[in-house]
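Next come two complexes, and both contain subunit A; in the first it sits with subunit B, in the second with subunit C.
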Partner chain A sequence: MDWTEILRFSRGPLFHFSLIIFIAGMIYRLVRIIFLGWEKDRVKNQGSKWSGVIISYLKGLIILPFIPWVRRTFRNNALTFIAGGLFHLSLFLVLIFGEAHILVWQSLFGVSWAPLPNPIVDWLAAVGIISLIILLINRLTHPVLRLLTKLPVWINWTLVFLPFVTGYIMYHHLWFPYEVIFSLHLIFVCLLLIWIPFSRMSHFLFYFFSRTIHGARAGKRAVSP
Partner chain B sequence: MKTASALNTYLKETGGWVAAQLEACTRCGICAEACHFYQALGNPEYAPVWKLEPLRRAYEQRFTLAGKLKLALGMEKRLTDSDLEHWSQIVYEACTVCDKCAFVCPMGIEIGPLIHKVRTGLAAAGLVPGNLAEATDKQKTIGSPLGVTDEMWRERIDWITDEWEADIPVDKAGAETLMVFTSIELMKFPDNLAFIAKILTQAGENWTVSSKGREVVNFGFFEADEELTRLFMHRVFQAAEELGVKRIVISECGHAYEAFRWTAANIMKVPPGLEIIHITELIHQYWKSGRIKIKEGAFDGETITFHDSCKIQRLGGLINQPREILQVLAPTSFKEMTPNKEQSMCCGGGGGVISIKEADSNRYAVFEMKLEQLQDIQAQGVCMTCSNCRLQFVDSLAHFNSTIKVHSLAELVAKALI
Partner chain C sequence: MKEKSIYEHLKEKGLSRRDFIKLCGTIAGMMGLEFAPPVKALGKMVHPDPTEMVAKALSSQPKLPIVWLEFQDCAGCSEAMSRSSSPLLSKLVLNDLAIEYHETLMASAGYQAEKAKEECLKDYYGRYVLVVEGSPTLAEDGIYCTVAGKSNLDLLREAADGAAAIIATGNCASFGGIPKAKPNPTRACGVGEIIKDKPVVNIPGCPAIPEVTTGTILHFLIMGKLPETDHLKRPLVFYGHTVHDHCLRRPFYEAGKFADNFDGDRARKGYCLYHLGCKGPITYNACASLKWERGLSYPVQSGHPCLGCSEPNFWDGGGFYQGQSAALIPPAAKTSALAAGAGLAAGATLAGINSAKKNRAKKALASAAENSPTDSTTAAPPEKKEE
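Then we have the complex of A and B:
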């Protein structure tokens, strides 16, 4: 097989095709939800909806991910909180501040920024991979998660794990010729991009709906979300 | 047939608000640890997110590509009658719609109101547990879930008036405030009516009770049957309009407060200009403005704590008002349970659970955790602002042979009036 040819295909047409599916799919999902209709709230406020929404995001984005132990439920869910939190941290930092990824952003948007030092990104990627493995074990053993987990969730896990692991192998030049592992990395990323709009991985978008709804509801009733 | 009615209801109820939140769920399972039923009994099916399954399946199979695909590939089945019967047990007997899960969910999904919608579908399918359905039917036909007839109600009010020398005006024309009590208070805690009457009289309130709008409890809301929810509130609103009052005061009842204060305006016509407040708020206003005076330290000595009711504190926002009063009544012996305020744990009797015989073992199992919280701070008394919680406390404390005393806020305030 000619891996140079496969690499050229996967970093070009395949990647662009996947991006289009991803973006179009997410827009479809978004529009679909918006046009399902929203009822007007006619109940008198007790507190401020806006302040509730702001506190809701401060808690959701800053307090809970970094100091989760403020929540009592943390104790019984430490694994989900820590591994889940570290995974997301690793995902965002590697994706946005990895040197090779910045080149991709530059080719897409024409802007670039300073990368994190490679060793740090490397460690972060390792943290992400380990977190994913811990989350998998947790999902296989926790009775509630076993009840909730159906085939799509396993696919989610696999399609997130593969780009992580191939990226890591590629960076360390392990086992595979460069073209092969680079192609595999890209192919898995493309599969992931295509899969997102069809799965619960789209939660990155609906997060902003639910967090706003919760914040507004709590703020309206003058309680802390 | 049952499934069809439930499905129709689910699809009707599924707007953007419901769909966006169902989509946001990442299946992380954290909500399970928020649920006192799961914590106490360990059944994974009691995880709040699992309680939403019927709604989620109805939504996905009808509105989403993924859902249709799963159906076509046989990965997921359509809802059946036996599915719904199964979920009827889960959402009515192992959920108090306390909504603690919403405050724990990392995505902020409002699981409580969504479970309410699951109940709506089950109610449409006629799958409400027997005891709950019977009580609801009594409220529909007789006017009270405890079967209090008009005549019994009058006799009872007269008796309370005599027994505690309370002044309770009935159907008083020209009154400004309509006070609506619960049947639980009337039959099980009659002194609470007297205590509230005493406070209102002391404050110089121009108030009345109504013989037509005499029940504030809403079993339609427990069942989540929207038609009945409206009917039961309509009776009170109609009475308020006939009497020409300016405001309705909800007695110590959580679900009623949720229904009247936070739901009514969105599902029915509320008489314009009518104010709806909870008795806790009113007592606090009286005290703040000096219309009533309470004796400082009247209950100092025995350790007393406050139980946060889901619908009045966590969801009603009346968190500081009762605490401010308790700190005056028992400045040195008032102690907080952990967790408290928004994060407090439900007593286990709300959401109609206490009226379902089959749910008794669940209810006691949950209360055991509450009892531990009380014992952790060596509480000798516990105060609350919801008669439904109070019923659960009185019944369960007796079940566990505990001597902890249960008080309503109105009771403590009335006893400390100067």
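Then we have the complex of A and C:
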């Protein structure tokens, strides 16, 4: 088996195919959700929906993560909050500001931006991996979570963990020849891309829709409904 | 009459014993012979000195006849060889190991040359080494490359028949190389795909590093067999590490310092060429350790990213100047739009079916309410839509 050929295949046709599935799948999901139906807005709005949206984003993404103790989620389960938060932060930064990932964005969209220094991205990736492991242990040991966890959740965890850990191994040139681990990294990323639209991982996009809608609703000042 | 050994030939040409031992040391070092295979002597395993072993081989072996065939090639590998950095070694191979037939280098031409080859193939049957440069062509029985009225497939099979070993030098002979690039009208391929019954070793590269070719020939001469190879039949001694492994820009890679164009300040400072498409991490070759021109430089050192020329299909392996992580086939706007359209259509269709189903259910409820007017208040259609 020639891994250079496999690498070429995963960088080329496989990635291409997964992106197409990803785009089609996300649009499909979006359309299905939109067509579920909207509430009719029958009452005159006295407040501002836009300010509601802005406040919702400020609170959810910028203020509350830094004063987490005001949230019940944090007070009840600090571990999930911290590990989950760090994982999301790490994922976002590594994906958007990693040196090699910027080259991917550039090849897809034709634009590039300044990367974060590699050592920082490296530490962030390590943080992401450790958080994922902590979350897994939590899930395995927590009696209630264990009842709630079904197969899709395990698939979610595995398909996020594998690209993370193969990327880390690749960056450090550990154990595997570069072309082997690079191919594996890409194959797992492709599997993830195909899996995202059909799983809860689609929250990476739908989160913003729901936050906008909830924000707008919170900004509305009117007699119910 | 007993054939003269290589050492005797060299001695006749005025090589002193001291120079001969130096040469043997050079050869052993270049072949990467850290120690010779152990020999059992006096009940003990002894590791002989590699220089000694080379010297013994050269002073006992007769000349090694070499037949060098060229097919679809640019003669670049021969050129590299004749201008090799270590004149000692290439001189040794070119003059003293006896290349019996080489279209580019031999003085004779035409019938004379062909006759010399025929005689060589006959006289040294089963003993000579066949070096192939350039890719054979399979299309239409090999008529796309003919020498002296014979197709290259016939020439290759004829020469391979009596060869003790076959060395495919350059990417073309090893894997098809540039002639194999899409659309490959001549159906070029590697020698190993045609000759299955003889030991074949590949020395890919564009051109092959001359020291690697000579080193492999000398290995056969000294050890009596071809060197150990990897899964692509490349000698492990030379192709055991990637260009990236021994790259002199590697520290910049580790530090995350990359050149973003060929002209800028960062390129002049010698930063890593990963962003400019360097294929060093996936290319197995000895460039970074042996280098070219007497160890003067190699592509990455002189500021050009590695093209991956010792790997199969390197010419079609995606852009040469695109970072390794970049997508090879980014979906075009049209493809993305089509995919989005398909998703939209599928979503809308299913949503339509869903809402038709809901409407039917509503109507059924309404008609049920009409039929039994007493329950009309409770059977009102639900306000909130739900799936």
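As a working rule, the second predicted complex is superposed on the first by the 207 of 225 C-alpha atoms of A that agree within 3 Å, B and C clash if a C-alpha of one lies under 4 Å from a C-alpha of the other, contacts with A are read in each partner's own complex, and residues count from 1 in each chain.
Keep in mind that, in the parts below, a contact is a pair of C-beta atoms (placed from the backbone, for glycine too) under 8 Å apart; a residue touches a chain by one contact, two chains touch by 3 or more.
Worth saying up front: this structure is predicted, and the values here are computed from it rather than measured.
Who does A:S51 touch here: subunit B (first), subunit C (second), both, or neither?
After superposition on chain A, A:S51 lies in contact with neither partner.
Quick check on the superposed pair: does A:E99 touch subunit B, subunit C, both, or neither? Answer first, second, both or neither.
So A:E99 only meets subunit C here.
More residues of subunit A are touched by which partner: subunit B or subunit C?
B
Between subunit B (first) and subunit C (second), which does A:L36 come into contact with in this model arrangement: first, second, both, or neither?
A:L36: touches subunit B and subunit C.
Is A:P13 contacted by the first partner subunit B, the second partner subunit C, both or neither?
After superposition on chain A, A:P13 lies in contact with subunit C alone.
Could you tell me if A:P117 is touching subunit B, subunit C, both of them or neither one (first, second, both, neither)?
The second partner, subunit C, only.
Pick one for A:L145: touches subunit B only (first), subunit C only (second), both, or neither.
So A:L145 only meets subunit B here.
Does the superposition put A:T158 against subunit B (first), subunit C (second), both, or neither?
neither
Could you tell me which stretches of subunit A are touched by subunit B in one complex and by subunit C in the other?
29, 32, 35-37, 39
Mind pulling up the subunit A residues that touch subunit C in the complex?
Residues 1-2, 4-5, 7-8, 11-13, 15-16, 19-21, 23-32, 35-37, 39, 99-101, 103-104, 106-108, 117-119, 177-179, 182 of subunit A touch subunit C in their complex.
Applying the document's contact rule, which stretches of subunit A touch subunit B when the two form their complex?
29, 32-39, 41-44, 46-47, 56, 60, 64, 71-73, 76-77, 80-81, 84, 142-153, 198-200, 202-203, 206-207, 209-211, 213-215, 217-218, 221-225
Okay, in this complex, where on subunit B does subunit A touch?
Residues of subunit B touching subunit A: 14-17, 19-21, 23-30, 32-34, 38-39, 42, 44-45, 47, 49-50, 63-66, 69-70, 75-76, 102-110, 261-266, 313-317, 319, 338-339, 341-343.
Using the touch definition from the top, list the residues of subunit C that touch subunit A in their complex.
Interface residues on subunit C, with respect to subunit A: 231-232, 242, 244, 255-256, 258, 274-275, 281-282, 311-313, 317-318, 322-331, 335-336, 339-340, 342-344, 346-348, 350-351, 354-355, 384-387.
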